[in-house]
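Two complexes are shown next, each including chain A; its partner changes from chain B in the first to chain C in the second.
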Partner chain A sequence: MGTPVGQAVDGHGARQHRRAPTGPPGRGRRASALGLRRRRALLPWVLLAPALAVIAALLLFPLARIVWLSFREYRLRNLVSGESEFIGLANYVSLFTDSYLWRIALPNTVVFAAVAVVATVVLGTLVALLLSRLRPVTRVVVVSCVMVAWAMPAVSGTYVWLWIFDVDDGIVAQALMRLGVIGPEGYNWFADRLFFYAIVTLNVVHGGFPFVAVTVLAGLLTVPRELHEAALIDGAGAWKRFWHVTFPVLRPVFAVVTILSTIWDFKVFAQVYLMPGGGVGGSEMLNLGVWTYVSSFGQRDYGTGSAIAVVLTLLLLGVTAIYLRALFREDELR
Partner chain B sequence: MARTRTRKYVPLPAAALALTLAATACTGGGGGGDADTLTVWIMQGTNPDESGFFDEANAAFTEETGIEVDVEFVPWDGAQEKISTAIAGGTTPDVIELGNTFVPGFADSGALHDLSGYGVDTSLYVPGLMDMGAVNEGVHGVPWYASIRSMVYRTDVFEEHDLEVPETWDELRETALAIEEAEPDMIALPVPGDAQYSVMPWIWGGGAEIAVQGADGTWVSEVDTPEARAGIEFFTGLALEDDTSTTGAVNWNEIKIMESFSEGDAAMALLGSANPKAIVENNPELEGALGSFPIPGRESGTYTPSFAGGSLLSVFEGTGNEEAAWSYVEHLTSEENMMLWAEQTGFFPGLLSGVDTFTASADPVLEAYAIQLNEASKGVPTAPAWSQVEAEQVLVGMQQAILNGTSVEEATTKAADDIERILNGG
Partner chain C sequence: MSAPVDTDWEHRVRRARRHGDALRLTRLLGRAAGVTAILLFTLFPVYFMIASAFSGRMTSGIGTLVPRDPTLDNFVHVLTEGDFGLYMRNSLAVAGITVVGACLLSLLAAVAVARFRFRLRTSVLVMILIVQMVPLEALVIPLFLQVRDLRLLNTVLGLGIAYIALSLPLAVWMMRGFVAAVPKEVEEAAYIDGASWPVMFWRVLFPLVAPGLVATAIFSFIIAWNEFVLALTFMQQSDKYTVAVGLRRFFGEYANEWGHVMAASTLITLPVMVFFVLVQRWLAAGLVQGAVKG
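On to the complex of A and B.
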């Protein structure tokens, strides 16, 4: 196989060599320049094609399908037969008139995401600042420890938190009982929305902060030392140096980690679904992501489930757009 | 002159979309059946170890037909969702064990192959199970085993404290209180929140039905009647007022009850007939320390009906292997294999002729179960939409709400409304 290809290339190269001196110089150059330009214009698309094909097959098609489903009456029977009826906006109307959306699912999603994102970014940044001050060897040790939290799969991590907060035998319950904060009969925190989401927040922040820490650390290492030294000489304290030196330089990094954390925290699933009561339809613990699943696969109302998924996606797009706009506006100002 | 293609900005919506896509990326799965191998889904959770039975039964089947069998164990927990997902993805197995309450819903949706063409004699099987498979004038499942829930207790604890087997609700409560006082570290009687079949008996025992169909075909739920409320109040009162349970039990399902019994924490519990064997398997120290009694009635001389569950074996439609799948169902439901299965698990066989044989030869621990099955057992409403009530976890939601402090009135009213909405096709 190697030989013929090599020959062809050789032959082609030889022909070009031969033609170059004989042909009219101007025309030849223009023609090859045109071809080159066309090829240059095409090249990015050729290079992107495999990725675009994968995205189209794995993401765009399911996305389009979910939008399509959300306009249909689609239940188990339709799933089996494959036939369904177009019902216009009925799924959306019933969704937006359902008090469950406004009372439970939306606040659970938005408030939780806001709290979790702030906590993740703040904790991650603090850990990054700590790491940047450590010696290389110590830093490797601490980063490795932090990575363990990151490497933990969401499902296993959630079960560990469930054990920690087990109502009867969990370490938290036992400790609080010993201290006399709660009585020997215990307290079912999974039944209390605030406690429930406090545990989810702990779990999600624990799983999310290493990414922020490592990314911010990478950024911190690029901040020129001179800037800090200059600020130090001007008499700036650590707090001022962070806000006036580090933060402006790292603004794009913070934008990225915040956007990604927001997206992840909006669509948290396993960490809620696996908690007691987190997967029960009608319980006040569901967020939009889990509600989508419960509606679709628990209650087998795939149309409504898809409508919720579409609303969640639009919500995410909106939040992301606002973040990006804020980011680019900052850039323009500079 | 060539124009530069560099952009100074990224279009906002495109950037947002790209980020969202990148962050929500997921992967798809695939699968399917081929003619030489049958995929079989067997439910798993509260049963004793089943792999030995299947090794033998499958080897015999392969020898006879040349078809390999691949048994996959699916936890009961979330099974309905997994089956729906498989239907959506076209990755259904060829043969599936379905809980009797699941069958009408899946049969009605057209997902299950009609077996009536293979000459199934429906009169041979336990009627309560067969009825659930005979939907829309077809046969959508063959009864495999019956399972009933009854009270299991620790004979050693009862002996040590001179306790008698309770015969009325009041006696049950007094016994639980006595254990609670004598063995403060034990859970006298767990009152689980995530186990609907542990709630149903008390609704029936109070004298109500979960739902009844009127002459015009409309379903009316009796969960909010004074009778049902009295029963639910009695059961949840054991946890809320008498403290014979434990706070964490709000989140317990039947598996967790069994585990707490295995660990020696619980003194009495409402458990399925396959559980005693599994408990001894988990904790051999409890060998010989288990006894059972039928759920006592409200008044003496009666029993509180228990939920008669069980499983059917069904064949999925559209796999292309329906006939081979049927021969496997026939193989597992043969009298020989059914009795072997019953012996190994403690479930009652789905064949009528097998029930008495099995009862006569079974472990004495199962004596009360036979009484419960024959004299005080009930099924759920036979509406195709019933599986939806289970899928939406209406009774679990009700039970958890009560255990978490909602009044019985409020929780039962909501449950009754939900049941009526679902069964009447709202």
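On to the complex of A and C.
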């Protein structure tokens, strides 16, 4: 584990104490050694206080409140009156007995995330392997171009893909019409769940693979050349060299990249919501995140929306737990 | 080469060399093809966006691939009739609040976790790490109620404060690396010269971590500029829209006038791209560092 905290070894920072007497004279006269020590112990908390207060008020408290809301009947009238009533697990019961969850929302979230993560990591790794084989100047140029895809905001990126795949005038539709693959009446692929999510995947992979590529590339450049040369002399092919030499060395990097991508892809919102049919209640295109939003702010059923949000959060916390466990196991190995 | 006769091994060496040359050529071609494919995939959407933004009234996607007579009409329409200038000002104001708040709070917090060893330090760091995994779609309902109760809906301040919270976790992790990189001896020298902690912080530590602050500022700017869910929920009056939400107005309203949508998209994307190129080195490092190192 990286411990950047100087050489302070004991629990409360021996160095700071030693340094204390060299502080300003006025303060030294007033405070006893004990008072100074206490103040030293307090200082980090004083520094942390504003950040922790903001995180507590705007991230932790809402998190608790969403759990609270998920046990309540909370609709538009409750929003106006501010009062709500406890209904136990009713929101969860209706959620888990809703076939929409099992048929539409959950598959749309989990299957999509799985496909998108695999595609992102594989493409990113391939790009990184290619980049590592380029001359430095070429590499810098290509990396900068790849960065452009990463920098594309989700909102504008989504609209560009919508334009590319526009049903009537889009470049893909017109090209396919000219090739005679589809008739002049066109084909509304946004109404087809598979095509819909194929376009979402394309959008998400386009925005997500640069992070993987850049991170894996940084890792690749640290793999000692001798390892590869030894494997080459032993007659290992390209795939064997990657699988038996590069991959084990870079396992922590791959772990991080995969799990961060998983977390991001579970939370995809604008890329679905902005698509035609992606933000409409009852449409078969919603994933859990969009469903939460549509139930609460579209159908004004904040209780159900909160229950969906809790399920999504628990899913993500599960992924995070796996992630932390994987990381700590790596640390023990090292 | 003085050998009069081609001995067998010389012949073999020459053949091997020729074979090697051919192999190298295929590899070179393979790499060139790979690079071309990557560049096409990454740059095409961006190119297509900009090309569409600059072309006049368009009826077909293929027609805009190579814009014939570039025009600024789309931008003019979007900025005047489309009110996009207003949205950009709103976004800038929100981003300004976010940048100032996130930089200040993350710097203080980073000094605490990088320079002091105290009980619960690791717990605080892990908590900050876990908190950023929480999906925004889950937080949007309670945040909406909270901001409404504070009567901050449709205000730049309400959205800005929420974005400070969003950008803080990663900002703290990024700043932590920068603060930890400043040698402790520099601080100690300041103390020996009689500086108090605040003086040392302001005069010594602050200038040394300034590059980190710039990176954090750009990072939080990008978060505030791109964010969509909260802006969509908090900003319900059209004169308060941020760019991400305002962009939606061009979609559908004029029967998908793609030139306008793409011009507005270009206006959103360009500042982010400029900043991104500036900050990319720290961003990738910060994300991984936050994740890899406990």
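The working rule: the second predicted complex is superposed on the first by the 266 of 334 C-alpha atoms of A that agree within 3 Å, B and C clash if a C-alpha of one lies under 4 Å from a C-alpha of the other, contacts with A are read in each partner's own complex, and residues count from 1 in each chain.
Going forward, a contact is a pair of C-beta atoms (placed from the backbone, for glycine too) under 8 Å apart; a residue touches a chain by one contact, two chains touch by 3 or more.
Note that the coordinates shown come from a computational prediction; the quantities given were computed from them, not determined experimentally.
When the two complexes are overlaid on their common chain A, residue A:48 makes contact with chain C while staying clear of chain B. After overlaying the two complexes on the shared chain, residue contacts for A:280 are found with chain B alone; chain C is out of touch. Counting residues of chain A touched by each partner, chain B versus chain C, the larger count belongs to C. Using the contact criterion defined above for the overlaid structures, shared-chain residue A:300 touches chain B, although it does not reach chain C.
Of the two partner chains placed by superposition, chain B and chain C are both touched by A:316. In the superposition on chain A, A:260 makes contact with both chain B and chain C. Contacts of A:188 after superposition: chain B is touched, whereas chain C is not reached. When the two structures are aligned on the shared chain, A:77 is found in touch with chain B, with no touch to chain C.
In the superposition on chain A, A:148 makes contact with chain C only, while chain B stays out of contact range. When the two structures are aligned on the shared chain, A:140 is found in touch with neither chain B nor chain C.
Across the two superposed structures, the residue set of chain A contacted by chain B and also by chain C is 41, 55, 58-59, 62, 79, 166, 169, 259-260, 263, 267, 293, 297, 302, 313, 316-317, 320, 324, 328. Across the complex, chain A meets chain C through its residues 1-2, 4-6, 8, 10-13, 15-16, 19, 22-25, 27, 41, 43-45, 47-48, 50-52, 54-55, 57-63, 65-66, 69, 79, 127, 130, 133-134, 138, 142, 144-157, 159-164, 166, 169-175, 206, 210-211, 214-215, 218, 252-253, 256, 259-260, 263, 266-267, 269-270, 273-274, 288-290, 292-293, 296-297, 302, 305-306, 309-310, 312-313, 316-317, 319-320, 324, 327-328, 331.
If you check the complex, the residues on chain B that touch chain A are 2, 5, 9, 12-13, 15-17, 19-21, 23-28, 78, 80-81, 84-85, 87-88, 105-106, 108-111, 194, 243, 246-248, 250-251, 317, 388, 391-393, 396-397, 400, 404-405, 418. Touching chain B in their complex are the following residues of chain A: 37, 41, 55, 58-59, 62, 75-77, 79-81, 166-169, 185-188, 190-191, 259-260, 263-264, 267, 276-277, 279-283, 293, 297-300, 302, 313, 316-317, 320-321, 324-325, 328. Interface residues of chain C, counted against chain A in their complex, comprise 31, 34-35, 38-39, 41-43, 45-46, 48-49, 52, 58-62, 64-65, 101, 104-106, 108-109, 111-119, 121, 124, 126, 128, 130-131, 133-146, 161-162, 164-165, 168-169, 172, 176-177, 180-181, 184, 188, 191-192, 194-197, 225-226, 228-229, 233, 244, 247-248, 251, 256, 258, 261-262, 264-266, 268-269, 272-273, 275-277, 280, 284, 287-288, 291-294.
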